[in-house]
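Quick heads-up: structures coming right below.
There are two complexes below, and they share subunit A, which is joined by subunit B in the first and by subunit C in the second.
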Partner chain A sequence: MNEELRKIWQSFFDWVMGNGPRPENEVIPPEPPPDLPFTQKPKDKYSRFHEATLKERYDQWLEIHGLHLFSVLYGSLSVLTCIVIVSLLLATVAELPPFGHERNPANNEVIRRYVEHGGHETGAQNIVAGLILDYRAFDTFGESAVLFTAAVSVLMLLGASRRNKFDDSKSPHADGAGMDFLQRGPPALRHHVFRNEDTILRGVANLSIPIILMMGCVVVINGHLSPGGGFSGGAILSTALILAANAYGFDKVHWFFNERTFIVSSSTALMIYALSKGYSFFTGANHIHSIIPKGTIGNILSGGLILPLNICVGLIVAGTLYGFYALFSEGDM
Partner chain B sequence: MIGMFAYNIPFASIFIMMITAIITPLIPNRKRLPEKLSCLSIAVVGLLSAYLLYELTASGRTISFNFSMGHFPAPWGNELRAGPLEAVLSLVFCTAMLLSLTGNFSSTAEDIAPARRNIFCVLVNLLTASLLALTYTNDLFTAYVFIEINTIAACAIVAVKEGPETARAALRYLVMSLVGSGLVMIAICLLYDLTGHLLMQNMHNAIAELVATKRYMIPLTVSLALITAGLAIKSALYPFASWLPDAHGSSTNASSAILSGLVLKGHIFTIIKVFYRVFGLNVIHALRMDTAIFILGILAMIMGSVHALRQNNVKRMIAWSSVAQVGYIFLGVGLNTVAGIAAACLHIIVHACVKPMLFTAAGGLSNAAGHRKGLHALMGTFYVNVWAGLGLIAGAFSMMGIPGFAGFASKLSLTLASFDHNSIVWALTALAASSVLNALYYVPAVIVVLTHNKDARKNFTAPAPTMSYKISMCIFLALNFYLGLFCVPLLRLITRGVNVL
Partner chain C sequence: MLEKLLLNHYEAAAVILSGIGLTNLLLQRNLIKKIIGLNIMDTAVYLFLAAKGYVEGRAAPILISDGAGGWLRSSELYVNPVPAGLVLTGIVVSVSVTAFALALTLKLYESYGTLNIDEALMKMTEEQHQLEARIDEAEEEVLS
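For the complex of A and B:
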């Protein structure tokens, strides 16, 4: 009985230790070589000379044909899945309420109030601006924060912190797990070859950058009066920065817009958004009178917080889009 | 009804975390100031949540309230909603987040370059804010926006530790997670087209009317399937969980703890809200989604453990065990009763407390073994870092469901909840089989850690665990025993919360 228990314990112990099943009457070596950690122990401790087993033949076959088989199977399965999902979604769309019909469920009291009272309730002539920056300003705050999160993440992965690691030889973390990966590759290179003599690009840039900048500012500042707003205006502003970087080189853009400026401008803009809108949410929820004036509809200074919020969103969007371009093309900002 | 101070807590919690996240890049990156600031903010929000919970339940009645974000009432503006369940969850999320950060304070310093550490703090703060927003929001589109923040920040805190495997894991996580986001987005568009609302309560009424008149049933079913699949990918329900072991196994310990303990839970709670508050249990049952979730939950319970059995790396083993534990939660959701959802919420809380402890303990042990993560390298490490060893043992016992430990409470309540259900045989068999499978990989890990290894002391030159590690582990252990021994009042509280959800 005791012997039985000992045997069961032994086999359990073997299993814990990762040893295979032990043949009967095997002489156990008194102690394993002490200098090797377990994972490097020779695996053939108990192996005997034998022909290729079925398992080994299967493994061999898999090694030769496996990748091909996998790619064929993967390809056909993904096509099949796509067909199924596409047909399912098409069937769904066919069942949806007809587009633009007046009896649709989406045409309800929510939309009616936005359209009929949006103007005087938010002070914005552009109903969409009033909708996203006043009625549902919390969602837009979240959207700006999404951009901020993405920009900060990309900056962390590709930006200065990565570059500094190469110079930082006295870093106490030089023996960390990731260092061998870093040391294998060269530091981020400047891929962008900047040519001084590109006069055509420079000429066009000289002409168009002021116009683009002005256009962007108009779209941002008039966001509550006409179609546009922070998101579209910010995208226009960022194209001016990208064009300037291509015409004059990233170094020139660094004079007025670098990583630090970007972080400071984005954080400040988002902070202004958070604080001003936080005040507005707080007063609204607690039924306290808000000191923010609505202004006269149609004036440039109207719409309560919408104008400053549009400028904040514009700054964040412009910085983020230019930042993505610079970081992905240069690995630097 | 409820005090002015407590009334503003949900809004204040989200904004405190957002403002901390925004201000962190601007403060000097010295003396680990950003991390201390994050810990402070999270602690403050945790205390506020505890006070909110007290206010909501102290009078003996179960109170819940809506908080309109701005001057416009609900269907037009955004709205937050808080009840006992939301307060408990945000308290647990803040506690687990704080302990994950303080417990891994020294390993974070080893894994993350100094220049990256303040951005790591920004991401952690954004994650906390998004978890709080997902907990409190009453608006499906707001939920989507914060799911986006959650996704990006979660992928970035995987990639924050440099190395080929974290880069690959983060990329894989990003792709899978974005597929999930896309499905959720399509589903929300479809639902808006069918109901004309984004506020959960109004959507619920509109959907009930559609179901009663049998109109638009195909788009409704498809949108439910899409939103469930999208959130299931993000919360690593089994067939969609292939990204999880890489992401949780290769990242730094603090990230693993946060991802496994908290990020998955935010998405699962969103699923619970969609099921319970948007569609309603009857509609879910009529559209058969409960059965699908139930089956996938059972599959996850078994397959997560089977995969965990095959791992040799301790962190990957714990990561696969998360897949199994997510299966338990979905089993509870799939029961489609109030008791089932309450049990699922209890398991969310238990897992949010136990899994960060396991990852912190595993990090401490592998640190003691000279940064080796293979199970066999950990032999005898208990005697080098006793606190980490105790954490691993308590966590393992908890995951197995030994009475007195936290996991027992939630497994017991899942079992009791399945008594009212038709599929009781399946549920009980799966619970039993999964518990045995859990034991099959956790017991060997415990034995390995406890086995005396003469070389352990002289070979392992790890520094002694820091004070913050010891204190965090103490609180983790205390929470574990508290949840295991005194779960009945908590379960009663959760049931009250689910009833007013």
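For the complex of A and C:
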């Protein structure tokens, strides 16, 4: 019985190790001397034809089917994950308080305080403007800083390749360590096909650029009186710049708005924002009389610092959005 | 459950939209399409926040004149102003992240000539192997 089991185990072992069926009364050659390197070991040490071992077969199978299996598994698992997450969230949404009801927990005493006292505390007719540029002005300062940082990072990533192409030797970073990952590979050609005599586009641009600029200024300056503010007004102003760049070419826009202008204007706007709002918060927190007048609600010159802060934010947003467009389409600003 | 979902249909739509965005983010192999999926998820968050701030029958939070030089200040008249500020933060961060991700994708395309993340990873691994082989050769030369 023991003998039988051993035979079965032996044949199973042979099959796993990739040896064919063992003939009767076979002479097993002695093991090769152990000092031979691994790679020079004879492969078929039983001097029989070499079947693939189970591991080799598995590797082969994996090589042929593995990618397909992985992609199927990955796809089905990710769809399953998404379905589970969506159904959990839907079950949560079903338990939420009814939509638009005035007694919802979101409409609590914070909101009452903002709406009832926001007007005379900030001097802004638009409660949202008073909220984001007075009560929570540091939050908006952080947003502007995030936008500026993103613009500078995109400038670093996309602007560097083009600059280094022209003056490789003069650039201070040409041999500097740490910057070489920016110069890898030839920069792709992303220049606009610029048609010099596009009369229709130029006519439309001549007509609409002044209107767009005026609209942007109105939205920025009336930020504390009506919907809008620095972010939306700055986006409108940047569309005027982009239209000008498309109609007349980026070189014309470079005359009055280039990388240097952008950096200087955005940094100045951020500094003005930080200093003025820092002063305002300092005086407010220490109950010192602030020299900034509130003005009467509804006038253009009201709302304390909200109007200058809106102009600062508008400058940053206009420069950043135009910068994104110029960098992605032209590779330079 | 279904009628409760219909009651909160804006929030339900936001959740489904974020699921679509997440699926896009996981399944697409093209990096630009992955970034589009991320933006769809952002949009879902804005929709959810805007829906939570709405109150039936109230005006936008801009003070209304009472006709006699004063302003109507009752909180019963205006919708919740806080979600508007939160959505503004979300939009700005989303724009910044999208621009930075697209810039990185552009650099990747310039280096490897593909937008497919699998192909780019394969090329990166190949490069790594070549680098290791070169290091090994140099070591052998130094040793011999």
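As a working rule, the second predicted complex is superposed on the first by the 247 of 333 C-alpha atoms of A that agree within 3 Å, B and C clash if a C-alpha of one lies under 4 Å from a C-alpha of the other, contacts with A are read in each partner's own complex, and residues count from 1 in each chain.
By our rule, a residue touches a chain if its C-beta (ideal position, glycine included) is under 8 Å from a C-beta of that chain, and two chains touch if they have at least 3 such contacts.
Computed from a prediction, not measured in an experiment: that's the story for all the values here.
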(message) In the overlaid three-chain picture, which partner chain does A:110 touch, first (subunit B) or second (subunit C), both, or neither?
(response) both
(request) Determine, under the contact definition given at the top, whether A:267 touches first (subunit B), second (subunit C), both, or neither. (result) first
(request) Give one of first, second, both or neither to describe whether A:86 is in contact with subunit B, with subunit C, with both, or with none. (result) second
(message) Let me test your reading of the model: by the given contact rule, A:138 touches which partner, first (subunit B), second (subunit C), both or neither?
(response) first
(message) Let me test your reading of the model: by the given contact rule, A:281 touches which partner, first (subunit B), second (subunit C), both or neither?
(response) first
(request) Could you tell me if A:298 is touching subunit B, subunit C, both of them or neither one (first, second, both, neither)? (result) second
(message) Taking the superposition on A as described, I'd like to know which of subunit B and subunit C A:95 touches: first, second, both or neither.
(response) both
(request) Starting from the residues of subunit A touching subunit B, keep only those that also touch subunit C in the other complex, and list them. (result) 89, 91, 95-96, 104, 106-107, 110-111, 114, 136, 139, 143, 146, 149-150, 153, 157, 161, 182
(message) Applying the document's contact rule, which stretches of subunit A touch subunit B when the two form their complex?
(response) 15-18, 34, 37-39, 88-89, 91-92, 95-97, 104-111, 113-114, 121, 134-139, 141-143, 145-146, 148-150, 152-153, 155-157, 160-162, 164-165, 168, 171, 173, 176-179, 181-182, 263-264, 267, 270-271, 274-275, 278, 280-286, 290
(request) Would you mind writing out the residues of subunit C in touch with subunit A in their complex? (result) 1, 4-5, 7-12, 15-16, 18-19, 22-23, 26-27, 51-56, 58, 60-63, 65, 71, 73-78, 80-85, 88-89, 91-93, 95-97, 99-100, 102-104, 106-107, 109-111
(request) Can you check the complex and tell me which residues of subunit A touch subunit C? (result) 75, 78-79, 81-83, 85-86, 89-91, 93-96, 98-102, 104, 106-107, 110-112, 114-116, 118-119, 125-128, 131-132, 136, 139-140, 143, 146-147, 149-151, 153-154, 157-158, 161, 182, 184-188, 225-227, 231, 297-298, 321, 324, 327-328
(message) Help me check something: in the complex, which residues belonging to subunit B touch subunit A?
(response) 4, 7-8, 11, 15, 18-19, 21-23, 25-26, 67-72, 75-78, 110-111, 113-116, 119-120, 122-123, 126, 129, 133, 139, 141-142, 145-146, 148-149, 152-153, 155-156, 159-164, 166, 186, 190, 192-197, 206, 216, 218-219, 222-223, 312, 371-372, 374, 376-377, 379, 444, 447-448, 455
